[in-house]
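I have a structure I would like to understand better, so I am pasting it below and will then ask my questions one at a time.
Letters A, B, C and D name the chains as they come in the text, with residue numbers starting at 1 for each one.
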């Protein structure tokens, strides 16, 4: 795909930065997939390869003290929000030093230090939780905002309606982002979703909503930026529908036989890192620099992966820690 | 000491905690008009609609949003109206609230109180009468409280609001008007400490919530028959006062657990099994048959655990 | 309110019939409220006084073998669908001969003989159940349709989204009717509902939707009729938003102090029975005939109420009947 | 007899029932591509997408619509993917499916099967590993089935589909690949009849689902130590075979109930209490600690009830 002609005045340094981040996300997930082959990542992995522009763009528009909630496909969002790649890989391998001490794994990755309040193993569950996080911000009169990312499959679950209505009724500072990769597991979401889609539904619930090319990192970031500014100014919740495509299977072990190879091949040509690279090239950034971004990212994840493998597993006593204070099994109360 | 109702006790507890801690707020349907039973009456006038917040009919959002708000440092008191409606928000309570702290490796806490009024209440039928306390006692991460008196409803609600764990707080709908003495001042009842309602040497009866009062009447009847039953009000099902129950049961040599909830899979099974495992004494449960609750009074009453049944069970255990 | 000038060609006999039905509904509920005073109706009663045109209009457009699902405020719908008033009052009094043998009461009133699949004590729960009833009709290639009535408060619950999407995705024969009386218990629904309202939400989920004056029985019936014809022809689900006003409190014991008396007084002038009567009068029906409709309805309910009071309670063995076949408590399996 | 897997057994059961009865249909996410574990593979090819129906991610609608479809005379087989996600549809199952027949006074039946795969399965963590069978056993109106072998997964799924009551059908995710002999022909296993896995005279061990296999291995170990444990696979938790358990426990004089689910409030409590009430013999339960399930293998394993723990519990009960 040719560089967007309207993008004559892009900020090259910034795009370069997003390009690097997208490579870091991809390399992290490639390391995770290798972990599956190496049988060190044991639980399910949902890669976001091909969807990195949404993580990089949306999170790029957030402040560090803003709050992010994500889905089962949340590695990119988490890394973009500022989590350490090594801690993340440790978590995926269930090791000491993982963000959740190895107790959550991929589907529960979270880093409260950087405002990342968690992936979630239940589709759509974070939509209401995010509304509530924003509710607390409003009650506490803070100027943070909450960003909640979910998939196109989540818009058919009740919490989508309940959470959006909640955010609108209470005029809460939250940006909902529907990361629309066309699929819910092995099912094309279009086959199971009626009506005009995520943004139309959001508008019907009273939210201002926009659609964006989710493979265009700058477009995502610009749109998110504008929406976030409005939210931070007290304008209430906003909704961003970002279209993308999942280049891998649903999980690390899914070969995705349910979709034609040529569809995937065609979509590969539109993937966000390639597009960012073409823009950079077009703007005169040397090919070697672009390749260096990738190489650096891969080296970082290689090292993080090695460190994760070398890290010990948590001991069995962790099974009883952080269950609860009152009647905790750690206190012999079972 | 002052004499107030079970409902008023909870109202005072919430008001006092809201005065003490600005981060405490309550949310649920119709709270601005006092809540469906009047248990929030007058509070919006003092605390305003942000802290005594109405909600849409969105149980999943009420509970789910409270999980988010709790993780962000506020302390929501969540009103579910009838425990039956909380079944519209089970993912939010069981998969989210109860597990967040653990699965995120201790990075967060979810200090919320979910008020779920339980029990049979004047022909409310199958969808407004359930007692599902045993469900939540089975879920790691949750605290389960079932107050039976005005004093406890004040002291336990305060404890629940101050607790850093998610608490399922089950008031019994039939108890709202019950009057009783409540200590003055900052009366807080610690979780996991049972109350001996009546001492006795012949048998230990364990119960909670409204059933405690039925058991107390049964104990009176038994006393008239020369049988001294020790009655223990468990107050909280998780944690539950294993020590008090074991000590009493070891002393009396017999244990009867009585609850309004369905007997099969009820929390009475846990207590009976626990004690039988440890003491090998006679244990017996009295719980509802495994049937939904009907509307017509005789149908409703057929699944109630009465004073007479309690007396008969005790006499039978004593071979009388 | 003056008779609608566009209604010059109304079918007087038919309107008379609806007028009678509306009076029967009102008289039934007045008997139920009296039952509360007399302490023979023990459970909660949610009267639909002032909302009778929706029951009479929508159900008037249904065939007897069509299916109806309702809410906690379902007496009118149930009676309109063809249930016996005496069986209904027996049910409200928890007596033998009640539609559910006295085991359900007001909130679970149902009459499967006339295709009335139940009120429901859980707001919004019947929306997904109705979609499923329609799903069965489609699977069985029958030409019945399902009609599901719910309140304006129900549109904020997840099943609204999930049920409408389901019906649209599977192109099911179901008419959803939002009976909008402006309140959810003591709360004005407008204060807790964001966006453009029920019909806008339904459209966003892909359903054709219309709004109608829910106090105009003929308008309700005409609109429903057209929608049902389209549904029966295989056109998929439709959505009807009918606006009305609840003249009583939320329940029989609610005095509704949360709304101004003049609001209620104003709305009383627009209530559907009065409006139908004015139309009839305007069309030359004698006042005595109109009064007779009321008197007949009241006499019917008076007799039914007396019969219900005279009926016995079910025995305690009913507590164990119809729980389940396998492991039934009636079989001593507890 | 042929040797097939637990998964294939269920696949065959569903296919055979769908051939036998045109009103049987299955619905759930991804069924058209064989379901998330492959347990529906090939079925859409034979039965078409109307009867092997995909669904949106709408658990409340999947279950709720199935309630409506069941009341209208079809027999839905509802796939919930993981029992954990069924927590998004508890109102539909517990307030609606379980109660409709009763609260409508017997005017309807809700013949649906809810498939809820349970259990720990390779680092699936707190939201994909739960075993909540005791919850449903507590709910009047529901049948609860937990097959442990390929033969039972065929015969019990058939029984579930033919049952006029709503059945919560819990397959264990770790058992999918397990191979075993399955009788030819129309093999239907009646509900409420336990299976004696191994006879013995010293102690009765009761279990179900995947835990049966752990107990069987423990029994082997014990046999080598001269202890003959009688192992009973309960198969269904409601109804459960009280007679078989009482008979065996009366004979051996000792009862151990072992399950993967959390011990506190687990169904083991029901069985232990029931037997203790009637026989006054030694009872003991082995269930998980009251903690969510962690991701890292040592954390996950720490809450597993192992063969070693089972052996130790039995030896202890025998004073050895």
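FYI, a residue touches a chain if its C-beta (ideal position, glycine included) is under 8 Å from a C-beta of that chain, and two chains touch if they have at least 3 such contacts.
What you see is a predicted model, and the numbers here were worked out from it, not measured in a lab.
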item: Centroid-based (C-alpha) most distant chain relative to subunit D; value: C
item: Centroid distance [mean C-alpha coordinates] between subunit C and subunit A, Å; value: 45
item: Subunit A and subunit D, separation of their C-alpha mean positions in angstrom; value: 36
item: Subunit A-subunit B separation of Cα centroids, rounded to whole Å; value: 40
item: Numbers and ranges of subunit A residues touching at least 2 other chains; value: 98, 100-104, 108, 120-122, 156-159, 162, 165, 169, 191-193, 323, 327, 329, 333
item: Per-residue overlap in subunit D, given as positions that touch at least 2 other chains; value: 55-56, 58, 60-61, 84-85, 88, 91, 95, 102-103, 125-127, 140-141, 238, 264, 289-292, 294-295
item: Topology of the chain contact graph, where touching chains are joined (line, ring, star, complete, other); value: complete
item: For the subunit D and subunit A complex, residues of the former touching the latter; value: 29-30, 32-33, 36, 54-61, 84-85, 88, 122-128, 263-264, 289-292, 294-303
item: Complex interface listing, subunit A residues touching subunit D; value: 42-44, 91, 94-95, 98, 100-105, 107-108, 120-124, 153-154, 156-158, 184-187, 191-193, 258, 313-320, 323, 327, 329, 333-334
item: Of all residues in subunit A, those that touch subunit C in their complex; value: 156-162, 164-165, 168-169, 191-196, 200-201, 203-207
item: Residue numbers on subunit A that touch subunit B, as the complex places them; value: 67, 69, 98-104, 108, 110-113, 117-118, 120-122, 125, 127-137, 139-140, 146, 158-159, 162-163, 165-166, 169-170, 321-327, 329, 333
item: Residues of subunit D that touch subunit B when the two form their complex; value: 84-85, 87-88, 90-91, 94-95, 98-99, 102-103, 125-127, 132, 134-135, 137-141, 238, 261-262, 264-270, 272-274, 276-277, 280, 282-285, 289-292, 294-295
